[in-house]
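Questions regarding the structure given below will be posed in turn.
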Amino acid sequence: MPVAIETKGLTKDYRSPVKEPGLWGGVKSLFDRKWKDTRAVDGVTFSIEEGELVGFLGANGAGKTTTLKMLSGLLTPTSGEATALGFTPWERRPDFQRSISLVMGQRSQLWWEIPAYETFKLNQAIYGLSEADFRRHLDELVELLELGEHLSVPVKKLSLGQRMRCELAAALLHRPRLLLLDEPTIGLDVVMQKNVREFIKAYNKRSGSTIMLTSHNMTDVVELCRRVIVIEKGRLLYDGALDRLVERYAGHKIMRARFTADVDAADLKSLGTVVKYEDRTATLEVPRERMAASAAALLRTYPVADLNVEEVAIDDIVRRLFTHE
Amino acid sequence: MRAALSKYWRIWLRTASMAMQAQLTYRLGSFGFLLGKMMRLMFFFAFMAAVFNHVETVAGYNLVETALFFMTYNLVDMTAQILFRGVYGARRTVSEGDFDFYLVQPCSPLFRMTCSSVDFLDIITIIPVIVMTGMTFARLPPIGWEGYAAYALLMANGVALIFAIHVLVAALAVRTQELESAIWIYRDVMFMGKFPVDVYAPAVRWALTLGIPIAVMTTFPAKALLGRLSFGWIAYAFALTAVALPLSYWFWRDSVARYTSSSS
Amino acid sequence: MRTYWVAYQIALQETLQRRSTLLMDRVGGFAIVVSLYSFWTALIGDKATFLGYTREEMLTYVLALNVLRSFVFTGRGWQLVGEISSGKISSYLVRPLSYHGYALALDLAQKTVHVCASFIEVGLLALLVRGGLFLPSDPATWLLFGAAVLMSSLLFFFLEFMISSLAFWTSESGGPLFCFELFLQFAAGAFFPLDVLPEGLRRALEATPFPYMIYFPVRVFLEKVPTSEALSLLGREAMWLAAVYLCAMAVWRRGVRSYAAEGG
């Protein structure tokens, strides 16, 4: 398989002026400004093969988005190298730009007051698509994303989920060979998240394009990616199969129970690891395979008022990974 | 080359039509702005006409000549607004992330930013200005084709200079993600171009010719048409643009390379 | 009363903190004053007077314009439009506070800063240009001027408020507001003394409240209006103010009611 993305020691510093207080400080900084560097991405090296669907994980501010922005050519790195589809992204060659797309869950390229179809037509002009290609690609996307009548409604009148699907269509009209997705499911309800995920999976399979995706949502990653790359504080922590990551670091779920009467915390140990017990509320870590049995046992044995089961937050897994290393 | 031109022309047309559709969703608002713009034009014209009821000349120019200066100012200024209005929203374009998309797509981000909000009201307003300029021309003594050629070329030169200023403002927005009001200073200072530069005190006149070259943009074309601009100054006007354009473009490139993208 | 005093102080600090915006505002306004002054100087040329204004009086008119723009033409209309369309207005309506009083306090803070800045600019200009300022010696003139300016300022405030209240019914009240402000600047005499206009047009304008905002106070200051006439004009201004105030409040009440009915 040919390589789609390759980075070597990719590093990005953000430089920001140090603000001095007061009027005099303001005047002084006009002439003699002091700068502070913050390292957002620190020597990241990895390579991705064509057709792969890779999850990119990390806590807030870990440098995921910055890396994606460098790979799409939006930002110029401070040092290090990267090639994507054989190009240096930040040279922004038109041939490169015609082969990629960047989707940001919190940003929109659609024009707010008018129907999404207009933005599609604009993208047709920008990417130089022939009328026939435009029609063909659009029809396919309309079907896959079930856009139908949404195309002719002003974007501001669409729901968040409908808008996100239009956003994806706008980004895919030119059939990019490399797709960079930054939090594509953020803010969507559970059903919508599922739809978007299924679409991404189908698109990857159908077009064979390379996809790199960041998400806070563990389900996104679990359902879509066989391989994940984890970064923390700008450094690469883990690069490998997702199975091994979740097995190693999130082999359990979190069970939270509130009781109507006091319970001896020591007795709960048989159900899982007690992380916390206070105010008649217990938090336990329960291995995945024992979850159902433990919950049943808990309900049977104790006066339970409320019971809650959650996945471990992705930030937690990453933090664990960080402390274990 | 031709393919690129036709591509950019298509993108411009699309953006203009989209901006118009977006604007038409605000009919009352648009009508208010249109009326306001027309009123400003009419009032100023009425004012000039009223002034010449009381005097023969202002700074050595008669009514028709003063009107020529005023119309030229409007033509240059409105052409620039039609073409470069997008820069007025440069800071918002950057802070709301639209600029991220401009950078990723195969089309010059500077072009996208500049033409991102073509205002069709500007296009409507420029029609009476063109008609009035024609009427002013008709009242001037006969002028040779060289005069008209110099006029047209210097106007184009003025628009190019204004473009350089807009590039500078856009670059500042990309670089610092603030400084929204920079463009409004330009708008206010541009107000001085409504009168021929000769009405100003020498110091101000020099500042407007050499410093912030408002005079070169607005007064020079009309002066050349009236045959009152020496060849040296014409050469200076073109030389200024020849220097300003590459400089501002260089500053833009440098700012884009330092672009940090606002965090989402 | 204390609440408004606190609002005033906070707004004052905020205005001072946004130094770059303040600076840009002032530079822009200053450019307009310089160009108007230059134009009038060119008009007067070597003559002793123009339209009955001596050079000294003309300079004073332009400089007074700068101060009055800062004192009269600083309303809160755009803020109101913004707060209505964003729905933020609701948070004021539920509080035991008069929105008008609150907006007036904020406005006063803005006026304080801008008037101080305009005094500095006026001082600078008066030093730089020849001609000197006209300062009335009769204390009665100052008193009349003060009363006129105070009412002008309130007149503008409530007129602008009335137009901005349209935002309760439509999301596009920006257009009418823009239109109104442009018209106002001309009709109030903020670009040129209304004497320059043909008799008929001037009389028509004098039947509206607009000339009371700039033209009338400045003429009082220049002692161009006999005291008895000034007093009767002040009376008429007071009537306009009362009428505008009542209308603005009525529109406001209806607006709030329809806003509440729609649930914001």
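In this document, chain identifiers A, B and C correspond to the written order of the chains, with residue numbering beginning at 1 in each.
In the analysis below, a contact is a pair of C-beta atoms (placed from the backbone, for glycine too) under 8 Å apart; a residue touches a chain by one contact, two chains touch by 3 or more.
Values in this document were obtained by computation on a predicted structure and should not be read as measured data.
Visitor: What kind of graph do the touching chains make: line, ring, star, complete, other?
Guide: line
Visitor: A-B versus B-C: which interface comes out with more C-beta contact pairs?
Guide: B-C
Visitor: Give the identifier of the chain nearest to the protein's overall CA centre, each chain being represented by its own CA mean.
Guide: B
Visitor: Could you work out how far the Cα centre of chain A sits from that of chain C, in whole Å?
Guide: Once rounded, the distance between the two centres reads 53 Å.
Visitor: How many angstrom between the C-alpha centroids of chain B and chain A?
Guide: Taking the mean C-alpha position of each chain, the two centres sit 43 Å apart.
Visitor: Report the inter-centroid distance (CA atoms only) between chain B and chain C in whole Å.
Guide: It comes to 29 Å between the two C-alpha centres.
Visitor: Give the residues of chain A that touch two or more other chains, as numbers and ranges in rising order.
Guide: none
Visitor: When you check chain C against every other chain, which residues touch at least two of them?
Guide: Counting only residues that touch two or more other chains, chain C contributes none.
Visitor: Within their complex, state which residues of chain C touch chain B.
Guide: 20-21, 24-25, 27-29, 31-32, 34-35, 38-39, 41-43, 45, 50-51, 129, 170-179, 181-183, 186, 191-192, 196-198, 201
Visitor: Going by the contact rule at the top, pick out the chain A residues touching chain B in the complex.
Guide: 14-15, 65, 69, 72-76, 92, 94, 97-98, 100-102, 104, 106-107, 109, 111-114, 118-119, 121-123, 125-128, 154, 182-183
Visitor: Would you tell me which residues of chain B are touching chain C in their complex?
Guide: Residue list for chain B touching chain C: 26-33, 35-36, 39-40, 43, 46-47, 50-51, 53-55, 58-59, 179, 181-182, 184-185, 187-189, 191-192, 194-195, 198-201, 204.
Visitor: Quick one: which bits of chain B touch chain A in the complex? Just the residue numbers, please.
Guide: Per the touch definition, chain B meets chain A at residues 7, 10-11, 14-15, 18, 21-22, 25, 96-98, 100-101, 103-107, 257-261, 263-264.
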